[in-house]
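My structure is below; once you've seen it, I'll send some questions.
Chains here go by letter, A, B, C, D, E and F, matching the order in which they are written, and residues are numbered from 1 within each.
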Amino acid sequence: MTPHLDQLIDMALAEDIGTGDITTDYLVPCHNQGHGIIVAKEDIVIAGLDIAKTVFQRLDPKVRLQSAYVDGAEIGCGDTVLVLEGSLRALLTAERPALNFLQHLSGIATHVRTYVNALKHRRVRLVDTRKTTPGWRVLEKYAVRMGGAHNHRMGLFDGILIKDNHIAACGGIRLAVASARKQISHLIKIEVEVSDLAGVHEALESGADVIMLDNMDIAHIREAVSVIQRRAVVEVSGGITLKHLAELAETGVDLISVGALTHSARAVDLSMRIQ
Amino acid sequence: MTPHLDQLIDMALAEDIGTGDITTDYLVPCHNQGHGIIVAKEDIVIAGLDIAKTVFQRLDPKVRLQSAYVDGAEIGCGDTVLVLEGSLRALLTAERPALNFLQHLSGIATHVRTYVNALKHRRVRLVDTRKTTPGWRVLEKYAVRMGGAHNHRMGLFDGILIKDNHIAACGGIRLAVASARKQISHLIKIEVEVSDLAGVHEALESGADVIMLDNMDIAHIREAVSVIQRRAVVEVSGGITLKHLAELAETGVDLISVGALTHSARAVDLSMRIQ
Amino acid sequence: MTPHLDQLIDMALAEDIGTGDITTDYLVPCHNQGHGIIVAKEDIVIAGLDIAKTVFQRLDPKVRLQSAYVDGAEIGCGDTVLVLEGSLRALLTAERPALNFLQHLSGIATHVRTYVNALKHRRVRLVDTRKTTPGWRVLEKYAVRMGGAHNHRMGLFDGILIKDNHIAACGGIRLAVASARKQISHLIKIEVEVSDLAGVHEALESGADVIMLDNMDIAHIREAVSVIQRRAVVEVSGGITLKHLAELAETGVDLISVGALTHSARAVDLSMRIQ
Amino acid sequence: MTPHLDQLIDMALAEDIGTGDITTDYLVPCHNQGHGIIVAKEDIVIAGLDIAKTVFQRLDPKVRLQSAYVDGAEIGCGDTVLVLEGSLRALLTAERPALNFLQHLSGIATHVRTYVNALKHRRVRLVDTRKTTPGWRVLEKYAVRMGGAHNHRMGLFDGILIKDNHIAACGGIRLAVASARKQISHLIKIEVEVSDLAGVHEALESGADVIMLDNMDIAHIREAVSVIQRRAVVEVSGGITLKHLAELAETGVDLISVGALTHSARAVDLSMRIQ
Amino acid sequence: MTPHLDQLIDMALAEDIGTGDITTDYLVPCHNQGHGIIVAKEDIVIAGLDIAKTVFQRLDPKVRLQSAYVDGAEIGCGDTVLVLEGSLRALLTAERPALNFLQHLSGIATHVRTYVNALKHRRVRLVDTRKTTPGWRVLEKYAVRMGGAHNHRMGLFDGILIKDNHIAACGGIRLAVASARKQISHLIKIEVEVSDLAGVHEALESGADVIMLDNMDIAHIREAVSVIQRRAVVEVSGGITLKHLAELAETGVDLISVGALTHSARAVDLSMRIQ
Amino acid sequence: MTPHLDQLIDMALAEDIGTGDITTDYLVPCHNQGHGIIVAKEDIVIAGLDIAKTVFQRLDPKVRLQSAYVDGAEIGCGDTVLVLEGSLRALLTAERPALNFLQHLSGIATHVRTYVNALKHRRVRLVDTRKTTPGWRVLEKYAVRMGGAHNHRMGLFDGILIKDNHIAACGGIRLAVASARKQISHLIKIEVEVSDLAGVHEALESGADVIMLDNMDIAHIREAVSVIQRRAVVEVSGGITLKHLAELAETGVDLISVGALTHSARAVDLSMRIQ
């Protein structure tokens, strides 16, 4: 029931196989069986094991797959990620689409883990953003969790985040927050994005549940935290890289959101070997 | 008529908007008009302009968009990529999905351009692989062309590429090539992947149209090229990075294929401002 | 961009027209033009005007439709809801599907308005439930708003509502709330359903944002409200009918949720006349 | 192979679960098993048992469901409708969508049964109309049969029903019937809607197979029946309520069609208990 | 609103264009305009003109198409069927899919017309069967009407046709007809297939509306017609070819059904010329 | 994973069953089991056995089907093609859609085999064209292979075929071939269509891989072959019928393409008997 997952698997197989895997169909007899392994070619955090299984079994439900790991596990370079057995044609034809899923999601989980490790033992929550690959929102946010971070809202529907254009359209933070409060479900909170201390004060007085400090420097972030005094949850956002994390965490903010978690992770290196 | 493009746009909007952009719907009156620009926050090669337009117009067909550029153009940091005008709600709600397309595809084009520049004025052809994000094959290969490189086959259906497992199933390169030749369309060529000089000789004698040297070192590549003597097209593949490109090009190979062109490009930084 | 709306319109037309409206296709020349009105046959609150327009225009984009009303308006018996002009075939063939949408949604809006009127001038918020017609969730919740009430959460994804089975699986309210708090987005609140005062105390101590009093009698509801003392939002739910509303509102609860708003509204009576 | 059923189940699950049942996913361990029952909270005629089973099994094919009843059976208040066993997560997450199907269809079957009982032992046939919830035509007409009544035509494609606008476009009943007869399949009959005795005479002379008396009073209906003398099938329609049924049946008409069978049935009350 | 037409057009374009019309995209500049004609290379009855237009306009809505004919018209060898003007790329890429629709449907219409001409001025009705190309039922039955014949039922849903296996399952024709009559809509007739005179008598006594004489010889058909004496409609079916038509018509039967109308028509020859 | 096959099966069942197989549903009890055979009523080459099985099992996965043949086998008149066993309702309802697939594909395979037999023992390759039934491209090309011939390109995406309009747009064959060569994948060949010897010379000099002689007479074909001298593959095309095949083969051409293989095959005669 993961939204878009079935569609993405269909698309992955259709775009790669098209009118037929002519190499395999012409050269590999249809009853040949094969036995293979997928191996990590570098140290990774794995994500997408069940998806990879589904891709192979979409071609032949009788392919058997086993893994010693679950999503979120760290796997060393050279270790076996998955053991596969079944129709050789299915293994060869589904290899690339299955690896493409696994390499992309594990790439994000592995990337996220480096951020998480940099924050270890600190109270602050590392969260992702909506900067995800179109079609992949729910899957990439799943990979973020497997990497050890948290999710910000899933989309525009499960959280209020009032930015400058919304504020301008309403005539001020106070009016915007009041108007949202009147209409939203009683289970949704209101976050307001501000870029200076005046904004912090106004958001606080308007009763915002969460205040996002956008692209503010460390000094101003510290000041904002001391002004807010836990009367609202504090998020920092904007241009944050691995090396700023520890310093940011020390400011006492509650959340650090980082777009690069999803939009700039490279694929990890995995390969399949038939034995 | 780009395969999967409409589906990806639908998915991008559905996963982000879901049951409604509650912030915008609650705070921005539905008749407000807006005027905005999308700006490059770093030097980029643009790709996906028409797609970004389509995303905005899917929400409101009356949104007007203009650009001084076409896909493939280099745009400097700070320059305006697109000018937008129309329903403020449509601009705000479609902003993130539209930017996600543009940032991802321009990220690939920009990344590819660095490789292309490293090869400038050389005869060798730089090509991509099938290591693409599931669902995005045709779009990412389009971005590769916008970056200035060429495409390898689109998928398993429009080219024969015989690898070790196919060879094993057939009982040798010669039998594999002969069997493929008998069955394929007269408009498709046959490529054979080899990993040593013995393989090069066998592929050559079997009449392969293209020989892929997989993970061979420079010395062996040079030797392979001198053995083949233009009787087959020569491709090198496997673990190639930017810094090897020039040296590889000097060996006289015809094609260099690089998975990183698509699977390891980070998104470029773009932002929308409403004015 | 309303989820499922396009699909429902497609289904409505497909299931009614099937392989063709044989009466109209055989008897009405394809160039005949018609002029019609849709009339209320009883006092109603209208909802679905734009959807009805879309249904007619799906058959012929040139059909023109006009209304003196917007959704949420009260329309008296005998008044004209919509004026239509265009291809007579399109008007006749789309009549029933279009009316079926309008009668169903206006039925809910009209029904809700009677509840809203019973609560007029009171602070309490009347909300719907997830007891909606499959496929119609977002549309029926829209009709609830047009009737003047508020929406509870849209589904299982945009709010936490902890019921007895969840509590049992976690080993108590406190553990359940703590576990949810650790995992949810910082923009989502936690509601706990309780059925007695012990539950109220436990929910309060666990830090629940909202407490739902399920099927409690008036005396216990009053007591719960005085225990809670605005430290959590209070919702009452379960078997509530029109006649209890005023008394319930007097108890000081914040929300009253009523399944009958959506699951037991009858269609209102509308008819189309060609002139 | 029921048209639209799979689509409605997909929509029901998608609109409720969306990006995830966060309460259940966060609080119920994924291997917990559960055992539950669905109980009738009032006297009902059940319809939709197989659909409810399908909804649960869509989430987990291993959920087992058993019922002592088949669709169309009367079930007393407090009796167990279905016994369920399987993944606790699947039971909790699918509960509401499954109940929404069952409550809606059983609501129609229960409502129809009261009409059928009012006509017991009479020759007349009670039939439904095309006033159904968009997307639900085939399912609601199935519930009508489970309630004990018959179906009128399924849609515009499997029967000719000539109304005043068709007659006007053709220049009279006679021309309309002749024109339809010339074109329709030899397996389809022609029904003509009339509102007075002149219409009855004209329809009869034109060779209509069925004559619908629309909104005529009892005296005129009696007269029409005696005029027609079984030379055509006679249907009465328009504003018919439960209390008129017996009197109408006495007039000797063949069919009574009632829109309220489908468009004004309230959902019956069912609830699931985990044990 | 023709069922499956949009889907077939999508499939036709997708299966032909796939990942791109590489010849046209590489060789024809995207702004080139073209002017072309589609010409009949033999005498034909045209069917599918609007579909062909839709196919071209799916690639470019600005392509203009004009024809001097409407579906059902006879067009001589060498005559211009359609004049086209617009994007040269769209004309070249859509040529084959558009012609494939036009050649297939016109092939059926042309084939049917030869049968219709053989029956000219006779009262008997020539009808098709359910032997159609999967996915094409409604379109091929449309082409049959354009050829001048009538349609039998559209499918299994809009007519009762009782064959030997149904009869065996019910225990005889009489029980089968009675059982069907009790359940079917009052707008649907009952046809019974018989293969000898005993069957004719039984069908007649059971009250069948239509009797199908299956694979009976001329003498028995004549006898059956004289037995039935217009108390039921009479259809003959089975192995009928063009040369039997006139003789069969003389027997006095009402309908002649011929599977070959749809399942054995060859495509007519049309070609497009760019000028 | 055959493109469009699932869709076509869905369409075939939907268009035939629609809102229900009323004859079978009303007359055959749902638990009745049946046993049947599908018999060839003429000599055929079978194609589509697995598809026919899938159609029956789509209605009831428990239907068992067995055949003594595989696709491509010759089956004599009167021989049993398939043995079926299972739900009688499923057998009766799926009979026609399943036969329609089998009759259409076997019709093509049977037709192709007559051409193949006429060429037996000759080196020339018989190939199909893109003149296929929309939606059926991959299936009809499969039937061509089962008949014993080869496939030309699958569509516009897996081969370059330069025709006169492309040549005109480029300013000559040489420029067209050079431009294509620069852009196409290194695994795709270039074919050029010419209609006279001047064209042959120009194509040869431009480096075309394949030259198509379009509608040229035997004498010119012979001359072209002797000019080309195996420097390019030679295809003949245009208006070729069964009787020309042998003579054409003698000219030394490599490929003969025939549109009639797919667009003018009649369905073969098969029938199902329940026992």
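To be clear about the criterion, a contact is a pair of C-beta atoms (placed from the backbone, for glycine too) under 8 Å apart; a residue touches a chain by one contact, two chains touch by 3 or more.
Here the structure is a predicted model, which means the values were calculated and not measured.
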item: Shared interface partners, meaning chains that touch chain D and chain F; value: A, B, C, E
item: From chain C, the most remote chain by mean C-alpha position; value: F
item: From chain A, the most remote chain by mean C-alpha position; value: E
item: Interface sides of chain B and chain C: same vs different residues, half threshold; value: different
item: Counterpart interface for D-E, drawn from A-F, B-F or D-F and sharing over half of its contact pairs; value: B-F
item: Rounded Å distance between chain A and chain D, as computed from the means of their C-alpha atoms; value: 46
item: For chain A paired with chain B, centre-to-centre distance based on mean C-alpha positions, whole Å; value: 22
item: Cα-centroid distance, chain A relative to chain C, in whole angstrom; value: 33
item: Sequence positions of chain F contacting 2 or more other chains; value: 3, 14-15, 17-20, 138, 154-155, 157-158, 160-161, 183, 188
item: Of chain D, residues touching chain A in the complex; value: 13-14, 17-20, 59
item: Complex contacts: residues of chain D adjacent to chain B; value: 15, 18-19
item: Chain A-facing residues of chain C, complex; value: 125, 127, 150-154, 157-161, 183, 185-189, 191, 209-210, 233, 235, 254-255
item: Chain E contact footprint on chain B (complex, rising order); value: 1, 3, 138, 154-155, 158
item: Interface residues, chain A side, partner chain B - complex; value: 3-4, 7-9, 11-12, 14-24, 26-29, 32, 34, 88, 92-93, 96-97, 99-101, 103-104, 107, 130-138, 154-158, 160-163, 165-166, 168-170, 176, 179-180, 183-184, 188, 260, 263-264, 266-267, 274
